[in-house]
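You will see two complexes here that share chain A, one where it goes with chain B and one where it goes with chain C.
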Partner chain A sequence: MSSVAPAWSALSPALLLGLTGLALLLVDTIRPNERSNTSMAVVSALGALASLSVTVWFVIAGTGHADTGGAITLLEGAVKVDTMSLFFTAIFASVTALVVVAAHDYFHDHQRPAAFYSLTLFAATGMALLAVANSLAIVFVALEMVSLPSYALVAFLKKNRGSVEAGLKYFLIGALSSAVFLFGISLVYAATGSLIFGEVAGQIESLDTLSGVAGIGIVMIVGGVAFKTASVPFHFWAPEAYEGAPAPVSAFLSSASKAAGFVVAFRVFTEAFPLGASLAADINWVLAFGVLAAVTMTLGNFAAAVQEEVKRMLAYSSIGHAGYALIGLAALSAGSAGNEAVMGAAMAHLLVYGFMNTGAFLFVAMAERWGIGRTFEDYAGLARRAPVACTAMAVFMFSLAGLPPFAGFFSKYFLFMGAIENGFLWLAGLGAVNSVVSLYYYSRVVRAMFLDDPATPSALDAIDVRPTALYAAVVFAAVATVLLLPGFGPVIEAAEAAAAALF
Partner chain B sequence: MSDWIAIGALAAVGLLIPIGMMTVSALLRPSVPETGKSTTYESGETPTGGTRIRFNIQYYMVALLFVVFDIETVLLFPWAVIYRPAIEAGVPMTDLLWPMLTFVGILAIGLGWAWRTGAVEWARSSRAASRKTERDINT
Partner chain C sequence: MVPPEWYLLLASGVFCIGLFGILTRSDALYFLMSVELMMNAANVNFVAFSLYYGDLTGQVFALFVIALAAAEVAIGIGIILVLYRNFGDIDVTVPTEMRW
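Then we have the complex of A and B:
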């Protein structure tokens, strides 16, 4: 196919997202006084779906796959479209579509919702660009393209103190970690003399005295990645930002933005700092990621277990899941044949996680729309008034916990099995222990919704509206979580093929 | 002789000249203390109020829009510099024009949106208006 279409068309998923964002701005420019919430939501959902379908078509047609001429590079090698970039673009586009549909009901009484849709689409464009970046400069620019709209989105409810506070905290930590990340890039450039991943990798082996400089640079790049994926030590912003932000934005940040951090990590650390060469230069980033993964999942899960508010619990659980996905980088060993399996499983986990976690946050969005409280107790007896939505939420919770009949089980199973086969039994064991802990707090939500009685008989009278679009988004995410069960074979195959191209 | 000695000498002279001038003038000049000399300099106006005042938030919007044009210049300068040599080297004009036009087009959409949604309109806050009239009455 690449022989027929011009090379730049390989970027069309990202271009579609960006053009949709610009089109939304144009519509709002022409008619600024009309609150065209519905048409905005429809246009942005169509744009995201168009991007998703092009991406899926590319994956099926094998664009950038080794069988059809290999990865497509553009702009002097600064951009590279391969199976992994398409895989992650599919995650970004699906989460974006779910979030903008849900936002239609969430912002039903907001004064100017247009900016929300265009900011979301621009952030998604940045993520799609991040997935194809093959140069540290592009990585930084794309990272900022994701971050800057995200800050504004978190503080989108201008009159809500929590939202503004969350936005400010997110911005301050984000600015700090961007600076650290950029400094790391400059040190790597100083040591290797290039920003293109392939050329950096070529220089890593012959560093001699400069390996210390490159090592510090790599540690700083790990810091930038940790911020974007909400991992220890840059995780502090996550509970605050997710709790204060409008719930659709929390869904977007905790699923798509986290996956964007991981796509950078996967590509940078396999293509720019390949394991064998890095170890030869005494730069053992695998150990660093091992420690980070262990600390992140333990901290996330144990902190989630003591939360009283559902949204904050989900925020800490998303930190825990970042820890699981980090196993994809932590359980690698030089030259091992099992590397593809474990990194592919981490990608598949991020895809499944994209649906189940977005769905869970959108359920919280629905609860906020109804105006019931934020704590576990406030959810008591909810299943009697809203059985469909609560069933969907139960699916998300059990899938996030990794119980067998749901897609979350398979992705975790493949991830831990891959780690064990690569000789990282301790990481897999720690992950399994953490999954048991997580079952406790996930099941608290389900117990509250289905088994507990509401505190007062009138506590749930607030549920008098039926937010159709939110319902549709939540139910769709639940269906996707369940359908990924029979469909897990193709997903894991695509993910492992994507990972195989990296090693 | 190391090159750094010259740089060190330059630094020493650079420090000595201003310090020496200030010392000499302090020794020569008569001392006439006066309140007008110790007040804050405000371009010849009589200073009023403290230094810590709240600026109107709108200055910030103007500053943001300025940054848009600032970035535009950063791209347009190198683009303009390479334009003629590239034309002479036989690069098709469309290849040269589309990156610049795309960039300016995206900025124009953003600016148009900001304009239409009222970012450049000077909102009147009731408090500022009332303060202004108070001052007009006093003078």
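Then we have the complex of A and C:
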């Protein structure tokens, strides 16, 4: 970044998202009876794209990169813009853009869709803020800034019992886990006397009698992270919330919100509780993450295999993918040179996952828009009526499963190889077994769409509308998933550089 | 000055009461109160150790937490309201449209 720009301009991706959200809220407050779904969707998509372009420009210009003066810190070190924060902000902004475009068609007959767009942008602002947080205080404030709009978004269909129930369950578990997370922060503060990551890290090693207090605090922080990333033991909300929520919201939560949980985890556990110092204080969080990763991916994939509804299957599969991404933290070892490879691979996986999983949920949104039902059987023969969308869905499914010609394969391959090189063969092996299981249920969707016959000849007559914006979002996500195949080299390099800055 | 361990004990006690309330009550409003207790337990820690370390961060953060807790309750009440409209009850065990 050139030296003429003021330091706060490094936060402009987050500021752009927030200002767009505020502008939409203002317009909706001044003219509450104007039902301007299209202009709202266009403005919020432009806001998200502007944020994405600024982020990409920063990445190219090398803002926060070690070559151009290193990370930019603001607010007495409480905020830190570095390559990892830009990497994740790009994920958040892309997913937000896809979701708001798709929501335009999804809410075509909703009475008051305006609130949806501002809530989505506020949640995205919170995520962008989470990516730059360098203090436990900012982490908590930003986490709530993501969670509170998300609760409202899940319960957005006020007259739909499923949506309200999902919102309630998400809120109950979310409020509980944020209270646990906060108490964990308070214990860490009690033990170390600081909330800034660097200062906490400086104290961790020299705790003697207080290391028990800090240890309990760290366990509670792991719990908060597990909620945000939908990992065991706080994963119960995910199938409910994703199934009951409007499908664009499920897409947003399962991709962007999950990545937001991981960016916090990556930064907190490398900068505030560095591995070497934590082990010296007898706080072995790597083992905790190893167990969580193993249980999460196994539970997610095996539960997904027995589902009858596509949306619920995707919800469990997203739990499984949280398990894979947790390998990025679980397969670290103190002082090992392979740490940045495995964490970088987890970041790259989250980027690829952001496109393929958002696309898959948006395809479900399209099916809901058509009104063809939710089970695998209801999707039978769909490819005859909607070949383009079904091809896109097949790309998402194979990429999620990690089949070789798709981007999902490379991110998983780098992740598992990184784990093996760091001496965590068991985690990589378990991940590979789980990927095989996942191929079964992902291919069920493809088989239903392309090979099976519809239950009745008239079953697909509902597909008479062409939701253009939803189509565009799904096709764009598919194109991005395919383009990440040749573009995977730069992505993994950027991710490894971002991870290297953390160690 | 009260030794800091006593504050930790007090905070843990309040936290556990809140947790107990969440696990045993099925009324959504009791749930909100219990969460509030858990957050205030954290506040006790922040304020007490802010004094102990002679550093204002904890006290200021406690103010942030109070504001965030209020925001969370506002969202929670909204969700409980639509829950009541749809299910005619605010018992959190009543809505079972989806299987767990």
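One rule holds for everything that comes next: the second predicted complex is superposed on the first by the 502 of 503 C-alpha atoms of A that agree within 3 Å, B and C clash if a C-alpha of one lies under 4 Å from a C-alpha of the other, contacts with A are read in each partner's own complex, and residues count from 1 in each chain.
Everything that follows uses one rule, which is that a contact is a pair of C-beta atoms (placed from the backbone, for glycine too) under 8 Å apart; a residue touches a chain by one contact, two chains touch by 3 or more.
As the structure is a computational prediction, the values presented were derived from the model and not from experiment.
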item: First, second, both or neither for A:262, with chain B first and chain C second; value: neither
item: Per-residue touch tally on chain A - higher for chain B or for chain C; value: C
item: Touching partner for A:22 - first (chain B), second (chain C), both, neither; value: first
item: Touched partner set for A:112, first chain B, second chain C, both or neither; value: first
item: Partner chain(s) touched by A:155 [first = chain B, second = chain C, both, neither]; value: second
item: Contact footprint of chain A on chain B as seen in their complex; value: 106, 109-110, 112-113, 115-118
item: Touching residues (chain side chain C, partner chain A) in the complex; value: 4, 8, 11, 15, 18, 22, 28, 31-32, 35, 38-39, 41-43, 45-46, 48-49, 52-53, 55, 57-58, 61, 64-65, 68, 71-72, 75-76, 78-80, 82-83, 85-87, 92, 95-98, 100
item: Complex contacts: residues of chain A adjacent to chain B; value: 22, 25-26, 28-30, 32, 112
item: In the complex, chain A residues that touch chain C; value: 137, 140-141, 144, 148, 151-152, 155, 158-159, 161-162, 164-169, 171-172, 175-176, 178-180, 182-183, 185-187, 189-190, 193-195, 213, 236, 239-240, 243-244
